[in-house]
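Here's the structure we're looking at; comments come further down.
Letters A, B, C and D mark the chains in the order given here, with residues in each chain numbered from 1 onward.
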Amino acid sequence: MHGFLAALGYEGWILHALLWLPLVGMLSVLLAPSSRAKYLALGWSLLILVLSLGLWWAFDPATGNFQMYSSRPWIRPWGVNYAVAVDGISLFMVLLTTFTTVVAILGSFNYIKKYEKAFYALMLLMETGVIGVFVAVDLFLFYVFWEITLVPMYFVIGVWGGERRIYSAVKFFLFTAFGSLLMLVALLYLYFQARAATGVASFAYADLMQVTLSLREQMWLFAAFCLAFAIKVPVFPFHTWLPDAHVEAPTPGSVILAAVLLKMGTYGFLRFLLPFFPEAAQHPTVVTLMMILGIIGIVYTAWVAAVQPDAKKLVAYTSVAHMGFVVLGIFAMTVNGLQGGLVVMISHGISTGALFLLLGMLYERRHTRLIEDFGGIGRVTPWLATAFLITALTSIGLPGTSGFIGEFLSLVGTFEARPVMGIIAASGVIFAAYYMLPMVQKVFFNALEKKENREMDDLSPREIAILGPMVALMIWIGFHPTPFLSRMEASVVTVLERVQGVRANLPAPFGALGGVHGDGGEVVGYGDPQDAELSAVAEPQLSENHVPRGDEE
Amino acid sequence: MAQILFYAMAVVALGSAVAMVTRKSPVASLLYMVTTLASLAVIFVLFEAHFLAAIQVIVYAGAIMVLFLFVIMLLNLGHDYRKDLKGGLAAVLSLGVSGALAGLLVSHFRASAPEPFAGRIRDSGILESLIAEKGAVGAMARPLYVDYVVAFEVTGILLLVAVVGALALAKRRV
Amino acid sequence: MLIEALILSALLFGVGTLGVLLRRNAIIMFLCIELQLNAVNLAFVALSRYLGIDGQVFVFFVMTVAAAEAAVGLAIIISIFRHYETVNVDNFNLLKW
Amino acid sequence: MEGDVHGAHGAFEPFLPGLVILLPLVGFLLNGALALAAGRRSAEAVRQGREPDFMHGHERPLTHRLPTWIGPGVVGLAFVVALINFVRMMGADLHEPVIRTYWTWMATGSLKVEAAIQLDQLSMVMMLVVTGVGFLIHVFSVGYMGEDPGYPRYFAYLNLFVFFMLILVMGASFPVLFVGWEGVGFCSYILIGYWFTDREKADAGKKAFIVNRIGDFGFLVAMFLLYTTFGTLNFVEIFDQAPSVLVYGGGLVTAVTLLLLLGATGKSAQIPLYVWLPDAMAGPTPVSALIHAATMVTAGVYMVARTSVLFALAPAGSLAVALIGAATALFAATIGLAQYDIKRVLAYSTISQLGYMFVGVGVGAYAAGIFHLMTHAFFKALLFLGSGAVIHAMHHALHHTHSQADPQDMRNMGGLRKFMPITWIVMWVATLAIAGIWPFAGFFSKDEIIWYAGARAEGPYGQWYTLIWVACLAAAMLTAIYMTRLMVMTFHGRNRTGEKEAHHLHEAPPVMWVPLVVLAVLSVFGGWVNVPQAIQESFLGGFGLLPMAEWLHHWLHPVTGPAEEILTRYAGGFAHHAPFGGGELLWAVLSTSAALAVVLVSARVVSGIAYKPAHEDVEPTGLRRVLYRKYYVDELYDALVVRPVVRLSRFAWKIVDQGIVDGVANGLGYLARAFGWIATLFQTGSVNTYAFFLVVGVLVVLWRVAF
């Protein structure tokens, strides 16, 4: 496979293709007749998915640096480059995005009845935006994509949403825009600091990371970035936009929102927050605060979720709980914690996406989301119930599903760093059962009393085609997560070394028994001269695949 | 002589300006305004602006003010001035800000005396010599038709537009 | 004499301002604006006595613009009057949100 | 001595051990596919307003014929494979566990967990019990569940359960064990709620899962502690290092063992987390037999035995295990005295017997605990299946006459021995076994536990162990009482089913009674694998029936040896006499004769009571009511835990989330709107006002510029 991809020059063009093909697809959707829009969109997203799958093999798990890097100047006077690359962290986010887009588009065939062209065009635009967020290694570019993603989501909620769609869309927009504006300010500060220090105007990731900042500066910038990401994640107490947005959003919107958009926040934590402001991020108070917020997210939102009458809102709150595990894992700053957090991100993307799809399927059949309107429908929809049960169990982290791997690793990582926090967070496994099982019971079990429920249809072939791969992924990751873990390990170690390299005297989490970080091996630090290539220096040829590591090719 | 004339005209201008603001009848206000314009024209002469003084009388007082008068008469506003002047808090506040504005300007100007504008201004007699050489009108001809010709032409267009606009606005719907 | 002229100009400007703020009659407000323009004109003229002819050119333009303004403004007032049967500005509150 | 057990010699060559796990999985997949196919058809029927019916009127479809062979077949095959391995292990000299690694499950920079199974004497015993008893119960299910429309689904679940149970007992590390641990919990959830349209049954399943999760929380935290201490989670490495790394009686190991104990109380239904098990009887009876008697609930005991090294290092933790076990044994037995539902009696009996096992592993007699686990699996599975046969018969009888009476209520039974003689006999065998009467299996295992509890009375925490010993003796007597009551109420005396119904009562079909007979045989002879030395010498040795005493003990020695060594070194091991004097033999004779006497007396007493059918009966009063109401523990938990949590959740949602958190966010929005409103006040629409503010602005600018 690797050879085949190399023969295609895959590494050279794939990221650009992933970024721009959705836009091409969007144009074609807009130009084509309305009746073909969904099929065109599906075709394009499938093509993109298939192309992106090559990343799985083309990616070199041995290095924690950026791969498939390419860059060309965009706005020269400001040092803005169109620079893209992937590493073990963004790889899975990109794959998750391409996968989720297909699923979301396929899942909206029956749901979206009006302005179909616009809807599918926006979905493809969203794909570009999100992939851009994950592959950009220029902060200006990153910011542009970050904001682009707001627009389609705003319209998806506001146009195709439920009754209170305007309120929800505005709330979604205001919350996230507020955070990102603060981030922009911090970003510009960073940029001007870098320019003052080096004399070179550059928004490049590697350049901005080399800015030396005082602890005070770091704290403020950390706060600004952190707020932007925390709202997106969302971290308690910035989460209230999420339930509203989810409840009002159409199914595909919810799927994308849960599976991908939230990940942008935690991705930002990993990609920017920790490496840019290592001292602030490692400050004990900051760590404690973030962990407490993560734990509140896990425990408190589990409680809140448990008493929701609206199934979709319930799942929305569980999203907050899951992302709490991610926050916890990230701020544990241990290999286990970070990798666990990443797996939770993947797993949550699949399982919560699937839950929203399933709820959407129920909604299409019954036109209600209230739990009490259902009951006993496992009798008439055995397949749907089976898929729902598996997904729900993944969501609550049953061993043998992807949810367990993520939660277990992030909890282990948390426990290594802060045992008490780890113990409190582990109680989340109890509350997960407490919110999910009653809902499953009230919807699928109990007596089949209502006549409308009796007439519900089971899964259609299209729906099976959507859910099948998702369920398979949940179980695959549950039983064999190694291919995922091995691909992210080097990158995670790189991030950690960058973070902890700043404070080398950090106590070893294991004491005498040692060996936490395993064999980080020959991970090249960010200060290495090779990385200078990663910076703003103009790379005119877009096609030239410039990998910033010496050992390849 | 000039000094005395200036002060006299200044008192007249100021007094009629105040009267203009405070008279309830629009026609009276207008007439006080004409008085102010006329006394200002005298002051213009004192400052060697003969041409402008003429224009002030002919165009401003003669044409524009008459236009106002026509409108007042056309609208028959002679008796509609019962609630015209604001009172109470509005009056106090307005008096305050305009007083402050005037006071600010006055104190600023006074502060710059006796060396006006940090000594950049001297009575060098440049205007007198220019007028002596080219005459009162001739002195303005060159700057107007050479230096500021574009602005001049644009002003012409502006007037044209204003005429058309006034016609279009004021024309009775048929 | 310059300072005195400028002070006069300032006072006239203040009086004009006061008129704009206090009068409700649109035509009188207009007149007060003309007064403000004249106050400025006075300052220009007074200064041109010491700085050169350019100030007078400015005053010329101001007068022209004032003429144009008077024409259009009065036309507007006329048409407003036709509609509302009054020129009292308190009756025109379309500017209110 | 141990050399003798392991006989001859040479290395142990496992025979496809993965197949033992794989076969039930294959069974699950096949049955699951059939179940999905059948589910579609029955759903179609439900949609058309009919009850799904695969049995009558037309031929049984393939989806309902194949599971008959697949379900029991795979488990039977797994049993055969396990047996082959057992024979090989017997013939080999195995001191270290054999690890089979299949793939790397989780590997991060520091943590590495292999998908590996561990074959040693302990897991071998458990494999045999799980697959063997499991097979018999599968066979029984063919008869019991044959007419259920969800037949393939049932077997899919059951196979899945066996799969997870085998992972649990064969896993080579804590996380792998945990997969099985939670997996069986999940299977228990779906099997309890198998008839999910019945709200009570679905509730019971949910309750089981959530309560189990509380225990799992303890298990998880224990894993974290172990990982941070040892840097690995593999059994072999942890147990090798534990004696040197951990301090005997230290805080760390005590914390670990207490957390593991929390996990075990959840899974094995001990105080305080036992409340789910009685409700779990809502599931089909074979499920109760398999999961809630023979296998899953013993997972806690297995886990304690598996981690015996840690528990031996933590005397306080071990004592807690034993205390909880003893308390549970006594407590549950008293509740069992007053229940009328035949399965509930058995459920409380199970809880009580699990308490014994806890006492066994708690006092350090790990082999005795496992021994009781094994014999209990035989006779309790027999009791449940027997009660299943009874319920089956009752159900059919009541079904024929459309009676609404409860087929599980013993007040509606009585005199059934005439109708179901085989069931009657095998049930008596099991009753005698559980009552601890010589020579039935329960006698050996229970007696051994009680003996060892007493034998710790002179070491550290001696008084506590004396107390435990007394409690165990008392519970043994209670066991004899409630079991005799059950038997007499069900099979003896006057028939209370009603005239018409009685005509329809009949013995279970062979597919159901054959497994019963097999289990009865095991219940009789199963105890002989671990005959105490003292008894072997005096009773059996003479007949030459058993080559050696305490075979199971010796067999398990490679696993439990290190723990026993620690125990001997630090705690002084076991004494050779009971707290109040007397040797093992004396107490064995005493207890068995006492039990026999209790059985006879209580049979007399119970026979004398004139029971009325359930619908004519009134609720008991006084102490009996407290027992009948299970000490009101469910109500207590409801008031102390469930309701406060729900109230707290509502508070968190309505007040905190919607009120405060969202309130602040919306409040900011309203604040912005308020500012906007204030700004509109300036928009008077009056030109003068606008001019006024313009002048103010000019003033400000002028003031800034000029001065």
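Keep this in mind: a residue touches a chain if its C-beta (ideal position, glycine included) is under 8 Å from a C-beta of that chain, and two chains touch if they have at least 3 such contacts.
Bear in mind that the values here come from a model prediction, so they are computed numbers and not experimental data.
S.K.: More C-beta contacts across C-D or across B-D?
M.R.: The comparison resolves to C-D.
S.K.: Using the mean of all protein Cα atoms as the middle point, what chain has its own Cα mean nearest that point?
M.R.: Answer for the innermost chain: A.
S.K.: Would you mind pulling out the distance in Å between where the CA atoms of subunit C average out and where those of subunit D do?
M.R.: About 96 Å, centre to centre.
S.K.: Return the distance between the CA-based centres of subunit A and subunit C, expressed in whole Å.
M.R.: 63
S.K.: Distance between subunit B and subunit D based on Cα centroids, please, to the nearest Å.
M.R.: The answer is 103 Å.
S.K.: When the centre of a chain is set as the mean of its C-alpha atoms, what distance in Å lies between subunit A and subunit B?
M.R.: Inter-chain centre distance comes to 69 Å.
S.K.: Could you say which residues in subunit C touch two or more other chains, in rising order?
M.R.: 17, 21-24, 90
S.K.: Among the residues of subunit B, pick out those that touch two or more other chains and give their numbers.
M.R.: In subunit B, the residues touching two or more other chains are 86, 90, 93-94, 97-98, 101, 105.
S.K.: Scan subunit D for residues touching two or more other chains and write them down.
M.R.: Residues 688, 692, 695.
S.K.: If two chains touch, include that pair; go through all of them.
M.R.: Every touching chain pair, ordered by label, is A-D, B-C, B-D, C-D.
S.K.: Quick check on the complex: what are the subunit C residues that touch subunit D?
M.R.: Against subunit D, the touching part of subunit C is residues 17, 20-24, 29, 89-90, 92-97.
S.K.: Which residues of subunit D touch subunit A in the complex?
M.R.: Where subunit D meets subunit A, its residues are 35-36, 39-40, 42-43, 46-47, 49, 103-111, 115, 175, 178-179, 181-183, 186, 189-190, 193, 196-199, 202-203, 205-206, 209-210, 213-214, 216-217, 220-221, 223-225, 227-231, 245, 645-646, 648-650, 652-653, 656-657, 661-662, 664-665, 669.
S.K.: List the residues on subunit A that touch subunit D in their complex, please.
M.R.: 171, 174-175, 236-237, 239-241, 300, 303-304, 306-308, 334-336, 339-340, 376, 378-383, 386, 389, 393, 398-400, 404-405, 408-409, 411-412, 415-416, 419, 422-423, 426-427, 429-430, 432-434, 437-438, 441, 444-448, 454-458, 479-482, 485-486, 489, 492-493, 509-510, 513-520
S.K.: List the residues on subunit B that touch subunit D in their complex, please.
M.R.: 86, 90, 93-94, 97-98, 100-101, 104-105, 108
S.K.: Given the complex with subunit B, which residues does subunit C contribute to the contact?
M.R.: Against subunit B, the touching part of subunit C is residues 1-19, 21-25, 27-28, 30-32, 34-35, 38, 41-42, 45-54, 56-57, 59-61, 63-72, 74-79, 81-82, 86-88, 90.
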